[in-house]
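Chain naming follows the written order as A, B, C, D and E, and within any one chain the residues start at number 1.
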């Protein structure tokens, strides 16, 4: 099979954005990967290896081979990400590719890994399509997805803002935005909300004022920002500047929702995120054993708490290594088989299932809110509710995920 | 030979040699050695260099000869890619029809965009082409998603029709091929402690690149090439000499658009995904920069520029601190950290810095680009470093002859 | 009706931002004839002047608060800015709060210095070189500046709020007799508009009522001859560069509260600012300003929902469509001078 | 009926009437000189003939075809070549290439896609171009980059470029300005020779009376945009009005 | 070039001349064009600088005006006991050098009046605009017109006027009669005499050698970048052989 590790080492490819808008997220992912490699090789304090329910890993690398890694820059562009992944596969002999901070890139790289016959452990990708219409037998996602955000958020929104609301969506114009808009709209509409309008905004629009001002003219009383990263920071800042949060519509307080939160990005929005609801995959303030162990080893090494990006990347690496160990082989097909239907715990999100049908993890989802009185620059979000996995689980043939097929695993 | 004068023939043969032996030339360091990181002899990079070489050579036909600086050539690259991928989706995975379609479609777009943009010159022309390219990009990114699959990029899927290929066995995606020979098939040889990869896709690109290069030489040396230089030099004189500069520039624009389309088609043939980012203005800027970096108006310059930029992008971005630690572990600890800190600024996530600094250094100290630098180096080697002392040794040879004295004296 | 009014306001504001950015660019590009791809970087540096000042004012000493813990369970270190300690909490806090307006003063000398260094150290060698070379070197410089900022400040946007006094928005609707909260406009953006008007006016009058503008224009057209008339054109070019950098910088400072600064914001604005300058016409300051407002307003209108329903995606390409139409109907943009960068 | 007929041509620049009701008839195979004070509109008139300017009124016909509204290159293809007041050459190209371009234009028309042919194969044109260079005494400079020549040389090159096209009508705007006397004489000789060998009509603008009186068959004096007189050289020489407005006292011919 | 170059030597300073060039060598890139030009002019003199096309007249004037190209690699230029060879062109202009270039170099984008005003931005200024317009009434009529759209002859007038707009000591004229109607040439010749009376020193490059020699006090003839004759103008006019040899007339 492709890039079978021959010598005493095995090479993993960490493909993260090092330039462009998500470079900081990429840097945090890379930190997590380095930590994971340390732990796999038996250095450091072992981190979540100690809390992981599977005990197949022994801290001596993977199957006794020392873990080595190469890094590359996705630039958050499909083309560049694929080129970078290709060079890791062709030149450096990487047997697994992981990382990334955009669904567009994840889908593109996943396709490449499928063709090249290596495993792809997706990093930050939240679009339904990654494990929906674009799913691939060689690709796996630990991160949650837009549907899950909707399913977790909607009840909280209904509880706080009532069921008689009119929502206005601003949506980043690409796969992630579309699926998130669809998911949130569906989930909120099921609870009685109306969707007034869905407006697509170009990625990296900068000033969003001309998309915000029309909101003032409608009778919408909730603004849903399907934006991430810099776009989220800007659209939220703009919305607040235009006084949306002080506005009363039909006797109701106008509300803003950011369905997908990230602490790194929340910082850019400063004061503006206070009190705003959203969802997140993981947060460092969780107090389960796994999270604590991870925060401790990451925090000790780097001096600040890890982001959700770091968390999911770290976990993906461990999960891959563990699957290899359990399968006893680096063969992608064997690894895939070991991951499919795998149930585990102790990695921070409670008991989790890697579903065989679509290679998506099912676990608890956090509903969070911008904290009013942060104690430090990292303490920006507070967990409002932990939505149990069961509530966010959907059938593999759910229409929002239809249209694709895993195909067969490709070993190259 | 081949309609070239002896000097050009020699030049072409050197290019052929360099191209065909790329897999060996780019693999100078032994596998496993510390410097192996700098090896570039793997298929993806070699393909990219060949393909972007074609792109830049084509761009240079327009820019180097006529001086019209298009800031939207990436649009044609992108259009070529989309056309080729659609061919793979609809008709066949054989790359030939895809590439032909790519050239035709981008040629048509170039004709339309060129016809309009060439009504202006100078910076106004540049901005018109930029505007068209940005429009293509924005539309591919959003409104035309059904055709382009937006940000993710147009991909193959299992249920594409692929009419000519017949029913597919198995449920994995087919690969691009040329009459059955898969583009991603490689033949590896281990020799001299190095692993040499001979990849079908690369050789396919290489042969096309050589052809494209040959056509470019012919074109540069042809009367048509001279007319294009005349456009750059003095359009006014040209019109009063009875020549219409418009069709000449338009022809150059379309030819270079087709080169771009060819490059785009090849990109898709090597890796069947067409992303909208290929059409972004930075991509147009990249080819401009490749051309100037190598040496605009020279034949080999753009190829060299393309090679350098792609190499930097692919190799430098992958040198992370871990690698640096391996390299400098022999240094004492404190010093090691300092050295690594410095290097880390220029590699890995700092690779853009290397790129920026390279641009500045080359253009400041080597006006005329890398080719000019090489030329100077060569003449320095040939003549030794003789410092010209203008006063002690005034050289009348350098002075052009005065005009022939004629009747009336 | 409200929509149109609101979008008009919004367009004016966008336009003033575009005009201000283009103004700095046109001083270098339209007047000195240097294709300055580092202009966006100057704008970005301006914005980061605001960030820097606010960081400086926020420099803090730490005291340990044993009652609370940080994320690793250690006692929490509480930070107090020095300025609050020195000038008392109220004034200290006000200083921090007003860091963006203060940054204008802070940025001007910095930007002028940056402009001087850039011109003396680099650009002056490139006046006579082909435009393509200028593109390459300034693009390289832009990348370098950008990477330096990225190294120091990271890649994420950094929130740089306006003073509290300017938070919130002004209700035009109520003033004009519409329903309250229908036509509202943020104070800071109104200030930006006014500020842009002042800067544009100042630059105009400087170039209009002194011979400086004429000399620089002449110097660009024919350096040699201007030198023969006893004029040290190099010095004036340097001054012009400093002025342009300062204009770009203050535009960036004032923009920071509207758009949280990040290291690649310069590149995002670059293409746009070139389009604005060229549509305005090379070498024409009023042209650049007019084009800035025109494009800003049209862009604002194009993002109205009913227009997007008719022509999908128009909001994203309107600027380019307008640019093409204008350049095809008016050979030198709105008010371009003949012969400037036409070959 | 002359080969070139200019009837009632007028041209304004803003408030300035640069040309007003100009009538001019140039007979085939003659040399027709146009003289007049600076700013009289001589160059403007030529600009109207070659399509650089479009007159506001009047008509211009060349060999029976109207040139008005035609593009400059179309007018050239009719057989009109022009030498400019300030030399217009292909500065970045070599002297030889400067010569080849008009040769191609003459043979292949306004556009032909000869992208694959090689330059060396065009032996006919090369011979022709070299012969012409020889005639103007510039053959040794064939490989020089045109822009690095002195101005007199640029002038000679431009004349050669026009002559090699074998135009029916050659328009010369101060062709010998800035030329050394020796070369001026040589140019006069060359033009005379060409005129004898070939069917060619020449319209020439000059301030150098030596050139004018050596070459011209007829002279038109233009002043303030309108023809003052048209006559033979001898009559012009003696015309007091011309003397006052243009020739001045110390004129040495 | 018999003398060896000695950087400390101060040849011209001891010379009685007002304006002098001593062994000036200049290059365009690699081409060696001005190959050791030496001459002296007294205050208020008119010097005719003659030679065939390409002899290096223009290059010499440009070198004297301290323009960047051709690049002077060796030699000294002195004006009124001040060294110019270490100065840049604008400094030389301030010291009192004015060049009327051969292609006139009217600045595009500026009106006639602006072209003149430009010359008066830096002190010391010379003739007032009014006085210049009196000299060339044609320019007064055209003063709001863009300079480059003037007719060839009008441009020449503007170029000369622009030089006089500055307070100058030395006027370098490169083919000032070119393209001018004979009446205007007479006019300009008169002007040059007026200028001479005011004590301005003139170097006149002209193809119409006879005309130039009639006006000039002295003549210098260049051939391939070297001085081949330096003497009185009259002598050249009268000496048939000399004229035939160097001027081909």
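By our rule, a residue touches a chain if its C-beta (ideal position, glycine included) is under 8 Å from a C-beta of that chain, and two chains touch if they have at least 3 such contacts.
Not measured: the values here are computed from a predicted model.
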| item | value |
| --- | --- |
| Required steps from chain C to chain E (each step between touching chains, minimum) | 1 |
| Longest centre-to-centre distance from chain E, chain (CA-based) | A |
| Remotest chain, chain C as reference, centres from CA atoms | D |
| Averaged-CA centre spacing for the pair chain D and chain A, given as whole angstrom | 75 |
| Intercentroid distance (Cα basis), chain E paired with chain D, Å | 30 |
| Centroid spacing, where centroids are CA-atom means, of chain C and chain D in whole angstrom | 53 |
| Set of chain E residues in contact with two or more other chains | 31, 52-54, 248 |
| Multi-partner residues of chain D (each touching 2 or more other chains) | 148-149, 152-153, 181-184 |
| Sites on chain B at which at least two other chains make contact | 138, 141-142, 352, 400, 403, 405, 408-409 |
| Touch list for chain D against partner chain E, complex | 13, 16, 35-40, 42-43, 85-86, 148-153, 174, 177-184, 207, 209, 245-252 |
| Residues of chain C that touch chain B when the two form their complex | 35, 122, 125, 129-133, 135-137, 139-144, 146-148, 151, 267, 271, 274-275, 278-279, 282, 312-313, 316-317, 320-321, 323-324, 327-328, 331-333, 341-343 |
| In the complex, chain E residues that touch chain C | 65, 67-68, 88-90, 93-94, 98-99, 101, 105, 107-110, 114, 117-119, 121-122, 162, 166 |
| Residue numbers on chain D that touch chain B, as the complex places them | 50, 52, 71-73, 76-77, 81-82, 84, 88-93, 97, 100-102, 104-106, 109-111, 113-120, 122, 137-141, 144, 148-149, 152-153, 156, 161, 165, 181-186, 189 |
| Of chain B, residues touching chain C in the complex | 63, 67, 69, 116, 119-124, 127-128, 130-132, 134-135, 138-139, 141-143, 281-282, 285, 288-289, 291-293, 296, 345, 350, 352-353, 355-360, 362-364, 367 |
